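Look for chain A in each of the two complexes below; its partner is chain B in the first and chain C in the second.
Let's look at the complex of A and B:
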């Protein structure tokens, strides 16, 4: 008893130290900064104020940034789910000869840096890029489409980058299902599609939730991808914080923005977990 | 007799290069309880899945009530299937599980309610409609799975080892219960099992499978008394098999020599054995008489008890025959046999022997 408790402490200690020193402490600090008054010379004055939060909520510029962040993160989440689910379904069923190759393709984006991948998309989506050349060559369009520096480009690239985070939780949720469940539904008269909708899909709810949480929080906080692919049209919270910290040097406002980003992400987590629990209880 | 409700005609199924089933043909009559019995890998579950439509055969036909359903999807076949894992929907209540098939058939709500209730009563599970399936015991889950399969009034009930996940006590009780239920509902049933006792206790007819083919098919009594092969004899019950040769044949009876000193005449056999043919002499352990003294007027073989095992209802003896063979013999434990001890000399009179073919 005594020794097993010591062992438990020993096992959890490194992670606890890491989280406290590198996560809890800095997060608490920047939350505190957000409540200080901005000062152009001293960076901040030790005076408690809600002015930074007030500015973000009242200023249409910052409100727009928050709404756009929610829109892009939401779209990215929905798209990764729609693209990732069929892939996860095939990989979880496990009989396919393509399984190894597919699995590699799913993991491959994680093996290159974010900047490299994003530049790849510039090559594909630019006005001289692959997509435009292809469409021009086929005569479908006569002037290059503006694909780069749009919200669409950001969503496409984020979907591509974050797909593995959606697929892996889905695979584990689908693979743990008894394959006889769908077969039972089939023999009871459901047919493939109905069996999927009535049995397989609701039973993979936890995978959908975990994948969506990961993709939403990661895309809401994205900096590099929206900066390189979104151009002037796309200003998300992550970029705003980056600019405020490094260029404008308005740390209190940056901290307030970061707090709001964190709050949005926590909100999404809470809603998802509540919905999941309610659905489990209802059924 | 009307035509059979289920016909399998030349069914073949491969997994990769391995032939899992076939060619396999058999029929099942209306109201019959048929067991597909065999060791794991004999193709019994594959056969059941082919009947249900969950697997497509590479060749052959499945005919149900005169209609060729080989290319029909499972949902149009009207089979009630109980899976080994039960495959109850964990996100649904007992009521929703049982109602599932009726809902898919667009049965009106009120009718669903009454039919589900009645079916839960039939399987002996009233009052659990609103529970989730993981709140049920193994036996209860099994009944829910049965109710779910039966409520759609299937033409045939297909059971895939439905008792194997229950503890030994419950399994024995459920055998009888399942058989009673089948008789009461009067439904044609195909039951897959690797357990010989299950198959024998419940079935009208047993189809013994080995390597995807029928080894023997018949009433339990017939398979037990007159196995067609060494596999059938050994798979079902205990058996003594002694290697020997046919010495002389006389219609359904042959004379067999197991050794120079051990010869038996008047042994039952299927017709067609010829002298010098290698055979097994089959003796069921409970069909052997044991005597302390050489019996009068009977050919007896002398032996010595090597080992005695008391297991409640019966006593088993391992005998060393003078011919060098060993023989297993079981006797009711309450008789004089209780006092037989190891080392004791005894005389053996085989009561019912048979001859089985042996590849030389």
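Let's look at the complex of A and C:
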């Protein structure tokens, strides 16, 4: 068996090399840049400093960007949860004939990528788009609404784009529950609503956690959707990093912004794990 | 974080399972969605699929305006797409990149998945979680970091883009192939080895044929992930190595025309076909465990 152990270790080598050389090393290098001093000519000066982080925390411009990122990512996460839960609930309950097709229809849009779906919302929300035409035809509005280039457009599109990332963890959390539990609660007189709130919902907590984490992470780092749908009103952390690297060429500041982005992600995980532990203790 | 999905790794919990269909028909509480619930779900599906249907409809527009519904129908924007060198060469480049990245990603994914499954339980779990790493780091950061690394080590543009795409494909190939390996009775392999086959022979002659559909779907899914990517290419695409999503992104920033709808419709159709193939082979859900 000794040789087969060696074989298994050899099998892990390609992924280890790939992740170390192309992921861990470059990302660490980039993050380390946040501690370097900015230099307009040489990219950076090898002098350790906290100035980049200081600037992000003290400058109201960057503080505003962080707050807006939190707001949009937070709203997107809450909305995907509210919109995704009913779908996951129905899909997990398994009505066999439709289940496969419905499941496919959740994944298929995901596969088209962010740019395609963002473009779809440009067409739908434009001044001559579906929504405005519809509202005009009904006489609800008389002038087209300005829907594009708003925070609302960004949130709507992000919810649409990230919904599958919420639905799938929820399905697996719901499908792994013993349906007898909720049924028992119902039979014992809890009623369907209470059985759902007190049995099914708490038991799907892990799914909510995983889904929210994925959606929050992906929306906080979004660049394409906010740039195309948010206009001048929306400047998020991901876009800021993009501009700092490609236009301002301030790598150290971009790196510090990236660290902040990762820190927000980490805070989100910690809060979720805390809440989860507290809820477990209570029950 | 993937432990929550453990049940999905088990083929017994897959879609269209007989045990679930037996339970339907009101025997379970959860299997009786109320009318309101059904209505909500229908609306969510409308929301999910509506914009995509609108793109396809707009692509047949006869005018230059982005008005919806389009005033007349034509194929002129598809012609426009085929005549545009920028878009066709970006399309071709995305195909090449996607195929190369998904071939490499599938090989690495297979080796990793196999090792993760045959290692001791706990270590295998660690390997599986580590393999998901590229999904947890914002792709924007991966892309910038690779661009930065190019300042220190010179690498052709294509190679860095390829490396980035292999990175974002691998979590999906690992997860998909682990799911297929779970469906293979480990005893078959043990039996082959007891009968004198080496682990490598047993792997090639017993395991590989059994997981072939799963490996093929992992490959197709990886291709789709690579083809749809914007973030990795955002910093790494350059002249001659511009992917389709980047070409669309830079175009749409300045103007909007139904030619984009035609291009994205072609992409949507391609993806629907690939999606159906994967669904037929193993079920999309097994790859989407993340």
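Criterion: the second predicted complex is superposed on the first by the 264 of 283 C-alpha atoms of A that agree within 3 Å, B and C clash if a C-alpha of one lies under 4 Å from a C-alpha of the other, contacts with A are read in each partner's own complex, and residues count from 1 in each chain.
The criterion applied here is as follows: a contact is a pair of C-beta atoms (placed from the backbone, for glycine too) under 8 Å apart; a residue touches a chain by one contact, two chains touch by 3 or more.
Not measured: the values here are computed from a predicted model.
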item: Superposed partners chain B and chain C on chain A - clash or fit; value: fit
item: Partner chain(s) touched by A:213 [first = chain B, second = chain C, both, neither]; value: second
item: Which superposed partner A:178 touches (first chain B, second chain C, both, neither); value: first
item: Per-residue contact with chain A, leading partner among chain C and chain B; value: C
item: Chain B versus chain C as contact partner of A:234, first or second or both or neither; value: neither
item: Touching partner for A:186 - first (chain B), second (chain C), both, neither; value: both
item: Touched partner set for A:147, first chain B, second chain C, both or neither; value: neither
item: Which superposed partner A:203 touches (first chain B, second chain C, both, neither); value: first
item: Touched partner set for A:109, first chain B, second chain C, both or neither; value: second
item: Nearest-approach distance, in Å, of chain C Cα atoms to those of chain B in the combined model; value: 6
item: Residues of chain A at both interfaces, chain B in one complex, chain C in the other; value: 183, 186
item: Residue ranges of chain A in contact with chain C within the complex; value: 3-4, 7-9, 11-12, 14-15, 18-19, 22-23, 25-27, 29-30, 33, 43, 83-84, 86-87, 89-90, 92-96, 99-100, 102-117, 119-124, 126, 128-130, 133, 160, 163-165, 168-169, 172-176, 179, 182-183, 186, 192, 195, 200, 206-207, 209-210, 213-214, 217-218, 220-221, 223-224, 227-228, 238, 241-242, 245-246, 251, 254, 258, 261-262
item: Touching residues (chain side chain A, partner chain B) in the complex; value: 178, 180-181, 183-191, 194, 198-199, 202-203, 280, 283
item: Complex contacts: residues of chain B adjacent to chain A; value: 52-54, 73-75, 77, 79-81, 83-85, 87, 89-93, 100-101, 104-105, 132, 148, 152
item: List of chain C residues in touch with chain A within their complex; value: 1, 4-8, 13, 15-17, 20-21, 23-24, 28-33, 37-38, 40-41, 44-45, 47-52, 54-55, 58, 65-69, 107-108, 111-112, 114-115, 118-119, 127, 130-131, 133-142, 144-149, 151, 163-164, 166-167, 170, 174, 198-200, 221, 224, 227-231, 234-235, 245, 248-249, 252-253, 256, 260-261, 264, 267-268, 271-272, 274-276, 279, 283-285, 288-290
